[in-house]
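Scroll down for the structure; my scribbles are underneath it.
By letter and in written order, the chains are A, B and C; residue numbering begins at 1 in each of them.
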Amino acid sequence: MSEDAAETLKIEIEGWEGPLDLLLALARNQKVDLRQISILELVEQYLGFVNQARTLQLELAADYLVMAAWLAFLKSALLLPRNPEETPSPEELALRLQLRLERLNAMREAGARLVARDRMGRDVFPRGNPEGLRVVRQARWEAEIFDLIAAYGRISARTRPVMHVVAHRDVMTLEEAIERVSALVGSQVDWSVVESFLPADAAGLYRKSALASSFVAVLELARQGKVELRQKSPFAPLYVRSLQ
Amino acid sequence: MSDALARAVEAVLFAAEAPLSIEELRAHVGAQADVRGALAALERFYAGRGIELVRRGERWHFQTAADLAHLLRRDREDSRKLSRAGIETLAIIAYHEPVTRAEIEAIRGVQISKGTIDVLMEAGWVRPAGRREVPGRPLMYATTQGFLSHFGLASRRDLPGIDDLKAAGLLDPVDLALEAETSETVTDGE
Amino acid sequence: MSDALARAVEAVLFAAEAPLSIEELRAHVGAQADVRGALAALERFYAGRGIELVRRGERWHFQTAADLAHLLRRDREDSRKLSRAGIETLAIIAYHEPVTRAEIEAIRGVQISKGTIDVLMEAGWVRPAGRREVPGRPLMYATTQGFLSHFGLASRRDLPGIDDLKAAGLLDPVDLALEAETSETVTDGE
């Protein structure tokens, strides 16, 4: 390791971005194509740097020491009589290291060429005051005539005075019942149950209606003094007799 | 005037954020430069192109040719369906025009937002139609020719009347309509 | 290609605030227009002038000629001064995309701080580009249209030296390159 390199390294110790970065800098000091690099020489330089840092009592990050240990192992593996069974071989490990250095070097150079290009806003400029392009969005509103008419129907239905329409049912009105009972009661001499005044064919809802109306009719006729009523107990048959 | 100078003035004017005076141009391209000559050359060069070099007072700048302004804006139509509030409001205006917003609300039984009538005006179906001569002089609304043609109507008289709506079952209160479907003994309640 | 069309494309590109694609240009000048032909004509027309028409990715825009930078360079500091880590990371993404953070770290030999990629994304040069379908599904990164525009590249094929790097196998992962090398050695040896 040359004196010069050691001096440089001493000064720049803060600047390295990790062991691979340092290795690349050392490799470039060999001033040969990275493909021709001597890995052994590189290992010597790296270990020399680490030792120097130790003697200067500089604090080295752990990854530098890990790399130093690995390189020391690689060095001995490359120098000692090899065990052919051992994989990966030390040569392969050395090649792997060399490939990694080549890759990092390639990207470092590519980055430098990239940032040296004519860059927008630094070397070339877009128009300073563009008029700008405008997209004018227009809504095309859609509705069908049926939607319109149905909507009006809906509003009218919603807001017209509410009319409750009761579906028509067959009923016997009170007037009808009074007439019937008045006519029939006169033709009977003895007590008769209310049900006997209902139309013979009355059935279902109509019969219920007729019964209710006839009941109210006999109450009305009794009030008028035209008939009298008799019932033995609550819910027992109700008897009617003419008073005339 | 050299070609190199015209190129320089061209680039400086292009990149400038505001029109530049002769002095400002000189500060970029050289104090001794025949900037006026370069500007004249550029003016000729760009005459009739999509870009023009124009003078505003004592300042110069590039702008797009005025007759191409229509290309710089692009219309895009999105088709959108009218909301329920929108269609109901439109229906009320069509059947009752001219009608104020308060009257529309009274008929709908619901308040309408400002946006609802705006949308109908944007669609070109509704227009302001004078003011009602009552306190506050509220604006009245009516339908347009565009409304008639969109809905395929020759005139507003073509809108189905209340009797037509009733016959079509469109006026049935909801609960009755329901009963009509479930029972056949229903007769007209009126 | 008509002169009228070249004028129209010229005006639209000139007015645009960002590079435009063929489709975007068509939206302004007419769907059937031979925009490509017009662009070629404009490119020839502006060659060597102070303004140039350039393609960046699939988009086109006008910019000042690079050799006039000295007239235009603004006094302000380059606000996009990148750290060395930033430059290397950007180069690795550009030459290897799409690439994961672990792959970037493998090439650089150090961990990259979260901020490094953030700065590149904030500059608009790098974007997330899906996930690698390996355990952990790491995010991949790639460059953007803005990257091409900023560095004056018509496409990624214009990246400096990319063909040589590819031919030398320097853009392959180390393990792949190693396989190639060792298999060669093996065949040599036999």
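FYI, a residue touches a chain if its C-beta (ideal position, glycine included) is under 8 Å from a C-beta of that chain, and two chains touch if they have at least 3 such contacts.
These numbers were taken from a predicted model, which means no experiment stands behind them.
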item	value
Most remote chain, CA-based centroid, reference being chain B	C
Identity of the most central chain, Cα criterion	A
Euclidean distance of C-alpha centroids - chain B vs chain C, Å	40
CA centroid of chain A to CA centroid of chain B, Å	35
Numbers and ranges of chain A residues touching at least 2 other chains	125-127, 131-133
Where chain B touches two or more other chains, by residue	11, 14-15, 62, 64, 72, 74
Contact set on chain B toward chain A in their complex	11, 14-18, 61-64, 72-82, 84, 86-88, 90-92, 94-95, 107-109, 119, 122-123, 125, 150-153, 159-160, 162, 165, 168, 170-174, 176, 179, 183, 185-187, 189-190
Chain A residues touching chain C - in the complex, by the definition given at the top	17-21, 92, 95-96, 99-100, 102-104, 106-115, 117-127, 130-133
Footprint of chain C on chain B - complex, ascending	6-12, 14-15, 28-29, 48-51, 62, 64-65, 68, 71-72, 74
Touching residues on chain A, where the partner in the complex is chain B	125-129, 131-145, 147-160, 162-163, 165-168
